[in-house]
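Note that chain A is present in both complexes that follow, paired respectively with chain B and with chain C.
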Partner chain A sequence: MLWYIVRRLLYAVPILVGVSLLTFLIFYIAVSPQQLARRNLSAKNPTPQQIHEWLAEHGYDRPMPVQFAHHLEELFLLRFGKSDTQGAEPIWESIRQRWKPSFMLTSMIFVAELITAICFALVVAYFRGTYVDYWGTLLCVLLMSIVYMVYIIAGQYLFGKILKYFPLAGWGRGLEAWKFVLLPMLVGVIVSLGSSVRLYRTFMLDEINQDYVRTARAKGVSERAILFVHVLKNAAIPILTTSVQLIPALFLGNLLLEQFFDIPGLGNFLVDAIESQDFAVVRAMVFLGTLVTIVGYILTDISYALVDPRVRLE
Partner chain B sequence: MNRRPLSFRMTLLLLAVLLAAGTFALPGCSDNPYPPGESAGNVLYTSLLDDPKTLDPTIAYSAEDDVVICLLYSSYFHYNFLKRDPFVLEPDLGATMPRQETTFYAVQEKGRSVRKPGEKWIFSINHGLHFQNDPCFPGGKGREVTAADFLFAFRRMADPTAGFPLLDSVEDKILGMQEYVDYCAQRHKQRLGMDYDKPIAGLQLDPKDPYTFSIVLQKPYPQLRYIMAMHFTAPQAREAVLRYGSDLARHPVGCGPFQLSEYHHKQSLVLTASPYRPPLTYPTEGMPGDAAAGLLQDAGKPVPLVNKIVFTVIREPVTAWNLFLQGYLDAAAVSQTNYQQVMSHPGELSPEMKRKGIKLYRSVAADLFYFFFNMEDPTFGGYTPQKRKLRQAISLAVDSQAYIDLLYLGLGKQAQFAIPPSIFGYDPTYRNPYRQYNVARARQLLAEAGYPGGIDPKTGNRLTLYFDNYFTTANFRQIFGLFKKQMDAIGVRVVSRTYRYNVYQDKINNGEIQFSYYGWSCDYPDPENFLFLLYGPNKGPGPNYARYANPEYDRLFVQVRSMEDTPARAALIRRMRAIVQEDCPWICEQHSQVYAITHAWLFNIKSHPIALDTAIYRRVDGPQRARLQAAWNRPNYAPAVGLALFLIVGSLPALSVIHHRRNRRVRRKEEVAG
Partner chain C sequence: MGSILNNIIPVLIVAIVVMVIARSRRAPLWAEAYRRLGRNPLALLALAVILLYGAVAFLDSIGWQNSRASARSTIIDRIFERPPERTYSVPMATMTTGEPTPHKLIGWHLLGTDGVGDDVLYRTLKGCRTAFIIGGFTSLLVVPIALFFGLVAGYFGKWVDDGVQYTYTTLGSIPDILLIIALVLVLGKGLVNLCIALGITSWIGLCRLIRGETLKHRDREYVRAARALGAGSGRILLRHILPNLIPVVIITTTLGFSGLVLSEAILSYLGIGVPPDMGSWGNMIDAARLELARDPIIWWNLVSASGALFVLVLAFNLLGDALRDAIDPRLRSS
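Let's look at the complex of A and B:
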């Protein structure tokens, strides 16, 4: 298994280089370094001299291949440097401050959504073919059909403005953060519930139609024992593996929820960087995102091998 | 051991109980975003659209930055909170108004030393001023502010890594500043740090008095008094700059009325009244009507009147508006989004707002929005009578009021010339003959310019005007749409050329555009800060985007910029206005105005177009706010109860399904047994 992990990590190198190159090229097509300089200089009409100074200070005055090679070296060494914006602070410092709100939000959504979706999937699978299944499926499709933004706006309007259960937006320090995380968590869970219940229901029904379930029924095992002992245990394998790959990404936060609920997390950090054309932050966050995704997939493979004795990593 | 699985009915019941418990637990939460009890205190709650880019007073140059910095760093002057027409400068950290003397300085010209006349401004500061406590000082205790700290702020302007935004304005005025700027740039190229000890001839300390300093100007610069009211010239502690460097952007060390207590990036800034704040008081005199408006109730009281200001970063205007309605923000802006809800008629609040005790204010900005021609363009530029008539015709066809009505909620003042109301040189009686909407006259002038009916006789096609822009927002697209419609009325075809901002800026700088739109908000209340937008030497990459160059205008501008506000200055401005009127490089659109609303518990609201420290005069009735917040934000339990009941009732048929399946299983067992 160790050799397998090493091999997978080596495969990651060209992926990371490719993603970084794409980010670099896209950014250069969308925003020229001069534009970056103009945006970040405080003068209303910066002089060519000021622009040149800024470019030199941030290393954007060198030929593109040299810049890319330098950026790549820094990224692989995880030396993200400073943000391109005024009064910039080290990017690692920002990440250190911002991963906690992100993780708090996304991990709560992850756990709550996982438990809720499994429960609902079990119920729907148990009541397959009845009104619960039909209405549940319809509800899931409805939930999947609505755009994310609608949930956010409707959630803020209904639970914040009309019912007045939660603050509309914001964040607090320490325990104060708790009340700010509930509404985005609720929205996050509702948003992903439809697709998850549908998916997990499929996993459950796949198992329900297996031969071993028919055998158990023939032996007179009760329906609840079949569902909780046999079906749930076997359906947990795909659920586990689809979930494990999400775990590393929990640190990177949620772009939309953080943006709309003014949560100072990493998702918001990336959105801000894109809006303010802060290339230093964008390339660091894209690199980190790619890295985390690759780690997620490796963890998925490992978890497969751990929970399913038929799978061997070689 | 054989584990028995949980009864399915039990599971279902558990799920329903959990959901119901969750539903019932919701109302236990509060929608108040602030710590319990804080709202009743002497705290001002306000919002920012974004995190300040920087809190470094030498660098900051945006509204979000300035509104915070001006509370952390005080300067020699500040603007009187209540007085207008004209704006009145008063000493803040300064002890007196500066004394001006004529002086002589020596310069080397053709190898000879030549004595030239200059101006010496002598400033005296208050004794006993202190910087806030900070670890950069010995023992962490803020030391006394001296004259040297003011001059240190000027030295920082020369730091090439800082990028001081107004360097062009001061470097050629202060004796020796240009040399110091070049010296610092040279050191920077050699990767050497700043040399803050090199003498600068124009920045002088009084060897006998640590509270007095002088600035020697090599040319008259009356605007220096306004510069001394800006945060760029606020005293800065050398210790802080050396310790924090570029981190000064996040670590302000000032001597203003407030100090930064908490800074949560992209989240909030909390400012608390500084124990070392300058000894300022609320003005005792105002304008007619101020007393009746209750603006003099706090006359003579020490300011700031609030102990704490909480700036919450709220990027979505809708969120800010909802928080205002809930009472969690003390003030809000009126925009197109909330206009229908706020106003029943122009200038009148809706019954809902009146019921909440909300107050409406109109604030007038010192700015100008204008269309401009490229005066070097072969078709629309130039100074011949035909070219002038062509631009005048287009100007006559632009109905500014339509923009104001359609895009700015009917707020705004039609602009006749560059200078806005309340700035010296503004003439309320002046009517620019080419800024009176008159389509018939426009058509006539267009014909006289050689384009009858808007047809270019050379090509036989309609005359085409290229509107160069970087418009991406809906508002800007509306401006273009309206302009196009107005030009259609005189037969001129308008084509939009949209560029990325950087390309647009390059084209402006290189004079490669034909026609565009721009806005300017002044840095200080002096006509020079508007008239310089048409000064010939300021054309690209300078702020003279129209590339206007009229020698007579330029000659008058040089005179006007160094004059005090006298009738002679006003007369020269009128002459400049007459020149611009006929040349018509601009189509002045409007001076903007906005509505703002505040809650009943907030007092002393009077907008100031220039000053940004007005928060120090705000007064808050905290207990009233807490009472109203509680009344307005009682949770509504009914939908939660309804949802719980619906879930329970909806689960009942499922129980019968379970029961039915159980019976079927029992029957099957009985059949097997039988």
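Let's look at the complex of A and C:
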């Protein structure tokens, strides 16, 4: 088992090298540091002297190989350096202050969405071939076709302004945060419910036609027990895979949710960085997002080996 | 000269689409698919909706100048040519809203007017062209790239496969939205750059699918027969395997189209989408967001933009599902 985990971790190394090469290409080659300096120096016509100072201050004046080494160091040791625009504060410090709300929101959405979607998919699969199934699937397509912002605006308007169940926006310290997190969480769950339920339904229907289900039925197991015990266990593997693959999509959700609900998290940090064209921050966030994604994939592979004895460890 | 070219390109695109559809109807395999599609009323409705949007996008692409000095205005611009109103007005109203003393409106507006007095229906229709360009142009970039790498990786295997798989795994491990943000920031904002960024992130899924399909087809009997008859790799790939992958490509592209239109709206909202002077539902939703807090509440901007977006995306989703059922019975959702 340990050997399997180590090997799985080693597989990630070439990917990380690839990502660092790619991001280096995007951030250092595609846009020249001179242009960067010009964009960030607010003076209309910066003197060569000013540009030079800015470059030196942010470490863009060194030769390419040194910059690439620095870039690798950023990625692997998470030394992100200073923001391009906001001068003093190190990026790592901002991330440290802001990761908690983002993490709390994302993990809650992830878990709640998984449970809700599986429940609905079980119901739809139980009534397969009936009108419940037909209209349920159609409803899923309808839900999939609504753009993210509309869910947020509608949720904010309905629950925050009309019904006044939740505060409209904002964040609290520590335990105070719970009442602020509920509405964004609700929205985040509903947004991806349509596509998830539809997908999980097909996974379950794939299993329902398997031989072991027929055997169970022949032995007199009730239809409900077949679905909730036998099928659910076997459908868990593809569900696990796709739900982890959706983690990158959660970043997008965070971006929009944090902006609308005024949550002081990483998504908001990134939106600010986009507005001020802060390349250093965007770079740091790309690294961080990639790392989280890769760790997610590794965790799935390990959990496969734990859940499914057919996955060999060698 | 540029003006003429601007008109020729949309006409050409429509001509090509019509020609491809007309030709494919004659092929026996496709005739069956068309027949199945024709029996599905929901799919026909979806197709009609897409054609309607497409027609608006087409009319918004054909335009000319009135005089040398004036800006080029399209047919849609000309239909809605009216002096702007003073400010907001409720749909189908006769007076403006949100002013201390309401004024009489100059014209009649089905969906009301926005803050600067522009007709909301007009601004909503302007979003069609952008949506089609984003969806169409990006698909045009994505499909050949995904097809090439997917076919080559699946067919040749070995180091070619390793290389392609490594490339898309690496790209795929950067969250889409972050990669798009990075690319747009570096390339600069604009419609073409947005399509490129969306293309770079969205070819991976299709490529993975095509690679898997090619892998399945590679050892089928018909491919072995072709090889035994002395056909080269290129011929086998293009004449024998590729036609069998077209259904997968069509279905995935149709479903992907709706995803691209949604992405455009989200990215425009985040401020890295299309330029503000271009019609865009995302920009409209962005502007409408604060209007809900006004008193009286301004809802028609938001409802029009998100409604137009919803109907188009829904139509593409429904058509994609229907196509899946019609073209490839094996893929049919049970």
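As a working rule, the second predicted complex is superposed on the first by the 237 of 314 C-alpha atoms of A that agree within 3 Å, B and C clash if a C-alpha of one lies under 4 Å from a C-alpha of the other, contacts with A are read in each partner's own complex, and residues count from 1 in each chain.
What we mean here is this: contacts are C-beta pairs under 8 Å (C-beta built on N, C-alpha and C of every residue); 3 or more make two chains touch, one makes a residue touch a chain.
Since this is a predicted model, take the numbers as computed values, not measurements.
Undergrad: Contacts for A:F251 in the overlay, against chain B (first) and chain C (second): which applies, first, second, both or neither?
TA: second
Undergrad: Examine A:F180 and indicate which partner it touches, taking first as chain B and second as chain C; both and neither are also allowed.
TA: first
Undergrad: Quick one: classify A:D272 as touching chain B (first), chain C (second), both or neither.
TA: In the superposed model, A:D272 contacts chain B only, not chain C.
Undergrad: For A:P65, is the partner it touches chain B (first), chain C (second), both, or none of the two (neither)?
TA: The answer is neither, since A:P65 touches no partner chain.
Undergrad: Which of the two, chain B or chain C, is in touch with more residues of chain A?
TA: B
Undergrad: Where does A:F166 make contact in the superposed view: on chain B (first), on chain C (second), on both, or on neither?
TA: The first partner, chain B, only.
Undergrad: Based on the A-chain superposition described above, do chain B and chain C contact any of the same residues on chain A, and if so which?
TA: 31, 153, 259
Undergrad: For the complex, which residues does chain B have touching chain A?
TA: 5-8, 11-12, 15, 26-27, 29-33, 35, 53-56, 59-62, 160-161, 163-168, 188, 246-250, 264-268, 312-316, 318-319, 322-323, 325-326, 500-502, 505-506, 541-543, 633-636, 639-640, 653-654, 657, 661, 665, 669, 672
Undergrad: Name, in rising order, each residue of chain A that touches chain C in their complex.
TA: Where chain A meets chain C, its residues are 14-15, 18-19, 22-23, 26-27, 30-31, 128, 141-142, 144-150, 153, 157, 202, 205, 209, 247-249, 251-252, 255-256, 259, 270-271, 274-275, 277, 279, 282-283, 285-286, 289-290, 293-294, 297.
Undergrad: Going by the contact rule at the top, pick out the chain C residues touching chain A in the complex.
TA: Residue positions touching the partner: 166-167, 169-171, 173-179, 181-183, 185-187, 258, 262, 265-266, 269-272, 281-282, 285-286, 289, 292, 302, 306, 309-310, 313-314, 317-318, 321, 333-334.
Undergrad: Could you list, by residue number, the parts of chain A that touch chain B in their complex?
TA: Within the complex, chain A touches chain B at residues 31-32, 34-35, 38, 41-48, 50, 53-54, 57, 85-89, 94, 97-98, 119, 122-123, 126-127, 130-132, 153, 156, 159-173, 176, 179-180, 182, 220, 222-225, 227-229, 259-260, 262, 264, 268-269, 272.
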